[in-house]
Every structure is written in C-alpha cells, then in structure tokens.
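In what comes next, subunit A is part of two complexes: it sits with subunit B in the first one and with subunit C in the second one.
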Partner chain A sequence: MRFALDVYRRLLAVQIRAQLQYPVAFALDLGGTALILIVEFGSLALILQRFEGIGGWSLVEVAFLYGMVEMAFNTMDMLFSGFDPPVFGRLVRQGQFDQLLLRPLGITLQVLGSRCETRRLGRVVQGGLIFMLAVGLVDVRWTLLKLVYLPVVFASVVSFFGGLFIIGSTITFWTVESIEAINVLTYGGHEMMTFPMTIYNDWLRRFFTFIVPAIFLNYYPALYFLDKPDPFNLPPFAPFLAPLAGGGILAAALAFWRFGIRHYASTGS
Partner chain B sequence: MSRIIVVSNLQKHFRVFKHRRGMGGAFRNLFSRQYKVVRAVDGVSFQIRPGELVGYLGPNGAGKSTTLKMLTGLLVPSGGELWVNDRVPWRERQAHVATIGAVFGQRTTLWWDLPVIESLDLLQYIYKIPPHRFRRNMAEFRKMLELDPFLDTPVRSLSLGQRMRADLCAALLHDPILLFLDEPTIGLDVVAKERIRQFIRHVNRERGTTVILTTHDLSDVEKLCERVMIIDQGRLLFDGALDTLRERFGGKRALVVDFAQEYDDVTVADAQVIERDGRRAVYQFEQEVLTASELIGRLSARYRIRDLSVREPDIEATVRRIYEERLLEG
Partner chain C sequence: MRLFWELVKLSFQRQLTYRAATLAGLATNFFFGLLRASVLIALYGARREVEGISLDGVITYTALSQATLAYLSMFWWYDVMNSVYSGDVASDLLKPMNYFVFWLAQDLGRALASLLTRGLTIMIAYAVFVGITMPQGGGQWLALGVVLALSWLVSFAWRFLVNLASFWTPNAQGVGRFAFVLSWSLSGFLMPLRFFPAWFVRLAYLTPFPYTVNAVVEVYLGVLTGPGLLRLLLGQLLWALALIGAGQLALRAGMRRLVIQGG
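On to the complex of A and B.
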C-alpha cells in the first residue's frame, strides 16, 4: 500500500513536471479558466439579483451551492483526468493502455497516475473563493458537526463525479459512441447541483433522488448547513446521506470497472 | 528438458460486430446485431526452451500479435493451454510482467515528456531493481546502445531509432528472462536496424535471455533466428530451423540472362522461362537436374549473351510461397 501510494505520487510528479515544462501555456490556461468562471458566475449573479433570488434561495445561498460544486467537481476533474472518458478512450485505442498492463502495477493506480490536469486548479481555487465568500455573507451558524461534515460532503461530491468518470471510461471498452449518455449525467449533474432543487420539475427531481442520488450530495447538505427547511419532506437524516450516495456510486463504478477490465482482456478492444 | 513457454492448442476467437451499410443498415444495427466469429489464433501449439531466439512470422492479421498478447498476459485465451515460466500469464498479470520485457513496435513504454534517464529511474523504482544491478545494466546498455547522446532528451524529441534503443534498454533493465519484440526494426534505416540486431543477439547470447520476435523484415530473421515459426490464418504453418525451411521450400534458383540481340524463341531444355522482357530472360532451374554451368553452356551454344547473373532463392520468396500456395497445409 505504501509502495502504491509512493508510485502514485511519482507518477503524478511526472505529469506535473511535464506541464510545467511549458510555463506560459500553463499560466494562460490558469488565467483562461479563471476568466470563464468569473464570467459564468458574474452572469448568474446578475440574473439572480434581478429576480431577487431563485426558488426561495438568495444569491449568496446559491453561491454556497455553486462554490461547493465548482470546488469539488474541478478537484475531481484534476485527480481523475486519466478517467475522463474521451481521454481514456484514446488511451485504449492508441494502445497505451496495453503498455500500462505490461507494468507490474495495479491498473487503476496507473490510469489515475497517467494524467493530472493541473490547470483545473484555477477553477478549484475560484470555486473555493466563491464558497468562502458565500459562507462569509450568509452567516452560517457553525457547529462542531457542521465543521466535521463539510469536508465529508466535499469528498462525497468528488467520489460521485469520479465514479461517473470511471463508468464513462469503462463504457469505452465496448463502444465509443455512447459516451454522450454518461456525459449527460456528469455535466448535467454538475449543472443541476449548482441550483436549488425547487426549481426543477418533479420527474427530474425524482430521477436525481432515486435513480442517480445527486440530490443528497449538495442540495440536502446545503439545507443543513444553511438551516433551511426541507421542502420535500424527506426524513431528517437526508442531509447526511452524502457519503452513502458518493461512496456508493464510486464503489459501483469500481465494480463495473473491474468487470470492464475482464471484458477487455477477453476481447482486446 | 526444461521449457520456458508451453503452448498447446491455443485458441483465441473474437466476435466481430458486422456493420450493415447505409442509413437503413445503421438503423437496423441499433436493434439487431450480427456477429461473425474470427479465429485469430486457431489451435497453435509450440514449446520454447530457455535461451532460444525465435522468429515469429506471418502476414498482417495472421495472429502474430494476438499470440504475443496472450503470451504477455494482455489477452485471455478462448481455449487451449498456455504456460509461460510456469505461470498462466493472464491469471497473474503483475507477477508475470515483472519477469518479462516487451517492446511493441511503434509504441513506447517511456514517459513522453520525461528525459530518457528519468523514465529509466522511474522504472528502476517500479520494478524494484536493486541499485547495483541497475548501475551494472545501465553501464552495459549505455555502451551497447549508445544512449549517452540522448539520455537527457525528452522522449517526444527522439528519433524513431533512438526511441527503439531507449525502449530496448527500458525493457531489459529488470533482467527479464523473456523478451518479446514486436516489429523491433520497423521504420528504421539499414544502419539502425543492424545496431538493433547486434544488440538483440548480444542480449540473447551473453545474458541468456529468451527472445521471441515478430517481424515483417525477413532479414531480421535471417540474421538473428535459428528457429522460425510461421503463422497464417491463426494456424502454425511451420515450426523449425531456418535452414530446414530453406531446404524444403527454398524453391529454385534463377539465372538472369541479357542477350546481345533479340530472339523470338529462347526456350532451353530442363529450365523454365519465368520472366521475359526485351533482351532479358529469367530461367528457373533445379540444381539436381541442371547445374548453372550446364545451363549457361546450353544457352551460349545457341545465343549470343551479353551478361549473366544467378539469383539465389531468398527467404522472403520462400515465405511468400508458403503463404500463397499453402505449402504446409494438410
């Protein structure tokens, strides 16, 4: 285990050093993504100000949702870059995946270590800034439990999206044509989580409650952190289901991934 | 006698999705899929002793790469048995690949953006190579493969030949007992090819590493391998010494004759005209029936000859004949 972690650290170091070989490109990437986020959130803020909030949520409360998702999603996007489905699909088609299988290391570890998009760091930091701004303005009544639960929610959102990435990559063992289906969940889920659930119609909300339990990852924990009432009357433990939802998706994804590897070994394509 | 590889009745069948053509076909593809079974490897058996250097030949799509992928543990066979170094490769992938080295043609095992030396350092760590062994191997390979001029160059900036040398070094640093090479000289110039061949021979003779190489370039086989296996359409057509192959299927020698003037009829007894182009004619003859000098005698008695040369049957033509005429079937 210690060896595995150390190898992972070294593989990541390779990726980071490779990206730092082009410092100008790296800086431009960071700056560019910074601009996108500011424009994105700026336009959202302008709209929300005009309507004085959305679905009973004020601008700063939405910023709380938004900041958390941006932080966690982009952290995931950085750590799981190797599992980004189109990137992974290329790895398989170009035969580099076979090269990884020829090394005496676990394959999951190697795919994780095969890529690390450090430029996502820009969006992580900005998501963090928006989140901190929201926390400052909305005046959260902190308790010990809230302080402990906050990083758990963060990790759960990371696991959830990481799981979706792994599922998408595994699908590329069978077909590259169906990646869009999983992208709808990944990027749609990301988009959906930035807004309060009250703005969606019932079937969409039910889908994200019972089929893909994304509602428990950001919305319900936010209700708890901001001491807002639950409009859907779920049991009172609903805000605490985040680790179950995130961890569950990740575990299911890893099981599917193992199955996919076995399939790959029997077809080679 | 000990065997490092035992393959018996090895099979690999793929189900290939048959695409229907056109819009209507694409639509029907969505609902009912048709498959056909491709027998990429169809009952192959062979054994390899430690220290052998074996050439594995076959046209494109013959099943070479599929066999190699099973031997290296990347693919699970559909049937038959496969033991490499007393292991079933795919069952213990990590333990298996730690004892083998593999260079797969155009792909590199090295990290694209890292200087060569740092890739090698990383491999030392991954394969847990003891420092003294690493140093000793590096010293040997640096000299043999002339790595020094580009050790600090990132892999992406290397020429094809340099990359192949770096990859060979990378594949051998952990002292594998088996080395798999898929098209090791493809795309290289003559000098680079020769250097690679010398190195492969060195590794096989001095280190006792068992080597299996696939190639399109038959001069690789002629210069390196004593044993040849030929596969086509998933079946092993020949497995034996290169000399046997040449003797049995070497075909006929040919005499290329340039006449001093044009003749209408140039036929000679016991020899066959296989090419005719203006004043040039090529005769094929069998050594046992007619010697070259006898043929030349018969020709010069009847025609005025300007130039002559004997064309030896080459291994390439031999192998092509084996594929085309399916000489070894049945």
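On to the complex of A and C.
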C-alpha cells in the first residue's frame, strides 16, 4: 500500500512538473478555466436576479448548490483525469492501454496517475469562493453534525462523478470511441444538480433519483444545511444518503471496471 | 470554384458517415435542451411573457440553441489547430487554393450536414414531443435562411481566427478555451440575450458573438422585425467581413511564424 501511494505520488509529480514547463501557457490555462466559471456563474447570477430566484430558491441558495457541485466536480476532474472517457478512449484506441497492462503495477493506480489536469484547480478555487460566499450570505445555522457532514458530502459528490467517469471509460473497452451519451450523466448531472430538483418534471427527477441517485448528493444535503422543508416527503434520513449514493456508484463503477478489464481484448492496432 | 464545391461535398459526405456519433449527439442535445427548458419554465413561473418572448417561445429557444450547436460549431473547434500540431498543415498549404477558402469549404460541408442531421432532427423531435412555435409567413422564413447562412459565416471566420493562434504558440488550446468561453454566454447560447440587463446586452453587441446563436433565435421567434431585422443582418455581414479580413491578415503574418511539426 505504501509502495502504491509512493508510485502514485511520483506519477503525479511528473505530470505537474511537465505542465509547469510552459509557465505562460499554464497560467493562461488556469486563467481561462477560471474565466469559464466567472462567465458562467456571472450570467446565471444576472438571470436569477432578473427573475427573482428559481423554484422558490434565491440566488444565494442556488449559489450554495452551484458552489458545491463546482468544487466537487472539478476536484474529481483533476483526480480522475485519466478516466476522462475521451482521454481514456484514446489510450485504448492507440494501444497505450496494453502497455500499461504489461507493467507490474495496479492498473487502476496507473490510469489514475496517468494524467492530472491541474488547470482545473482554478475552477475548484472559484467554486470554493462561490460556496463560501453563499454560506456567508445565507446564514447557515451551524451545528456540530453539519460541520462534520459537510466534508462527507463533498467527498460523496467527488466519488459519484468519479464513478461516472470510470463507467464511461470502461464502456470504451467495447465501443473504442468514447460515447457522447455519457456526457448526459456527467455534465448533465452536473448541470442538473445546480438547480433545486422541484423544477424538473417527474420522469427526469425519477431518473436522477432511482437510476442515477444524483438527488441525494447535492439537493437533499442542501435542504438539510439550509433548513429547508422537503417537498417530496421522503423519510427524514434522506439528506444523509449522500455517502451511500456516492460510495455506491463508485463501488459499482469499480466492479464494472474490473469486469471490463477481464474481458478486454485490445484493439489490435 | 469546382474544387470548392468538391471539397464541400466530400466534407458533407464525411460528416454523414458518422451515424452512431450523430445519434449519440442527438440524444445529448435533446436531453440538454429539456434540462434547459425545465430551468426556463421554472424561471418564468407565473409570467406569460418576458421581453417579448412567450413561454412557448422560450421553449422553442431551448430547441434552437441545441439545434444550432452542431451547425455553428461555436465552441471547442480545434480542427485547424490540430492540423498544425499534426503537421498536416504543410500539405494543406501546398494546395492550389487559399488556405482560408480551403477550410471554409470543408466547414461548409460539415455545417450543412449538421444542419440536416442534427439541426432539423432536433427541431422535428421538439415539435413532436414538446411543441414549438414556427416562423410566420414567407418573409420570416426568408429572413431565417439569410440569418442562418450569415451566422455560420461569422462563426467560422471567428473560429478560424482563433485557431490561427497555433501558428505562433505550441499550446494554443489555452487561447482557444479562453476565446470560446467568451462566446459561451455572449452569443446567447446560455440564455436569450434579452433577459440580461441593458448594460450587458450593449457590451455583448460590441462583439461578434450575438450575431451567431442569438441572431438566429431572434429572427426565428419573430421578436425582431423591420429596421431592427435589417440592422441585425447588416451587423452580421459587417462582422463576417471584418473577421474574414482579420483572418487574412493574421494568416499572412502567421505564415512567417509557422513552424511545421510532426513528420
């Protein structure tokens, strides 16, 4: 285990050193990625101001949802860069995945260490700022449980999206080309979780409750943190299902990943 | 000229062969469109009309923004850049054709195919499953045709210019991301531009971006008529010419800087 962690650390260090070789490009990238968030959130804020909130949620309350998803998604995108489906698809297509399989090291570890998009850090920091601003303005009544639960929710959302990335990558064992439909779950889930769940119609909400349990990762915890009533009348433990949903998706994804590797037959090119 | 249409045709056919990708893309467009529609319906709440756009109109907007996405290919288009980094640019520059026109022809073929397979299909799917509004009368249809053509030209000229950054730097993707993000919200793709405060709209109209997605939306929904419509079309034409001119100048300067890579 210590050996594995050490190798992982070294793989990441190589990545980061490589990215810092072009400092100007790196800074531009970091700035550009951060700009995405300013433009995106800025536009959203202007619109929400104009329409006086959405589905009974004020701008700062939506900022709470937005900040959490943004922080967690981009942290995941950084840690799981190797599992980004289009990137991983290229690995499979060009036969580089076969090379990784030949090395005497855990394959999951190698893929995780194969890439680290540090420019995502810009968005993580900004998502964090938006989140903190929201927490400050919305006046959360903090309890010990809330303080303890907050990092758990964050880790759950990271695991959830990480699991989706792994599933998307595993599918490329069969399809070779990364399938765009997985974007519906990853980027779609990301966009969906930015808003209160009451605004979606029944089938969309059911899909994100029972098939992909995104509703428990951001919306229900937010109801708990902001002391808002539950419009769907689920049992009172619903806000605490985040680790189960996030961890469950990640565990299922890893199982599917191992299944995929056992059936992997290379592309032969 | 024959060479031009030959290229358009080839590119058109190439785009049509990606059938699985088209289907996956359609599903994604439809899903994101519905997601956007949910958000806009919730924003409207009890309002019947905002800034001249009715509730049906705004649902149609979500269809239009998704339908034009592939056609205009406004975001994350790195084809020229990739050819510079792969070294293909060397043989492309040797072709007996202006480099800009060479890419223009290919993008036209791609755009036409996308308009058919992605654009039209999305609109039909929306019309069947959700319900959309339609342009009224021949005049509006004609204006829609013109605005569609010009919006593609503005979009292409802008993308070409951005991609030329790769003639100078070995890492132009950062420049591209930066440039495309600006158009993300200023083009009216994120939300109809009319919903933003006046200062923001004024700012947006100083850039070429509203002359792409937002122009198509305003003409389709019929919120612009008479002099306003003419001003929009004129603005599109001027921006297209300006961006093409800038592209030519940048190309001439870039030729002296270009380093052919790869092998």
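Everything below uses one rule, namely that the second predicted complex is superposed on the first by the 261 of 269 C-alpha atoms of A that agree within 3 Å, B and C clash if a C-alpha of one lies under 4 Å from a C-alpha of the other, contacts with A are read in each partner's own complex, and residues count from 1 in each chain.
Following the convention adopted for this analysis, a contact is a pair of C-beta atoms (placed from the backbone, for glycine too) under 8 Å apart; a residue touches a chain by one contact, two chains touch by 3 or more.
Quantities reported herein were computed from a predicted structural model and do not represent experimental measurements.
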Which superposed partner A:Ala252 touches (first subunit B, second subunit C, both, neither): neither
Touching partner for A:Glu180 - first (subunit B), second (subunit C), both, neither: second
Partner chain in contact with A:Leu101 - subunit B first, subunit C second, else both or neither: first
Contacts of A:Met192 with subunit B and subunit C, given as first, second, both or neither: second
Subunit B versus subunit C as contact partner of A:Ile54, first or second or both or neither: second
Dominant contact partner of subunit A by residue count, subunit C or subunit B: C
Subunit B versus subunit C as contact partner of A:Met132, first or second or both or neither: neither
Touched partner set for A:Thr33, first subunit B, second subunit C, both or neither: second
Subunit B and subunit C footprints on subunit A, overlapping residues: none
Subunit B partner contacts - residues on subunit A that touch it in the complex: 7, 10, 14, 17-18, 21, 94-96, 98-99, 101-106, 265-269
Interfacial residue positions of subunit A with respect to subunit C in the complex: 22, 25, 28-29, 31-33, 35-36, 39-40, 42-44, 46-48, 50-51, 54-55, 177, 179-181, 183-184, 188, 191-192, 195, 198-201, 204
Interface residues, subunit C side, partner subunit A - complex: 20-21, 24-25, 27-28, 31-32, 34-35, 38-39, 41-45, 50, 169-171, 173-175, 177-178, 181-182, 184-185, 190-191, 195-197, 200
Complex contact set, residues of subunit B against subunit A: 14-15, 66, 69, 72-76, 78, 90, 93-95, 97-98, 102, 104, 107-109, 111-114, 118, 122, 125-127, 154
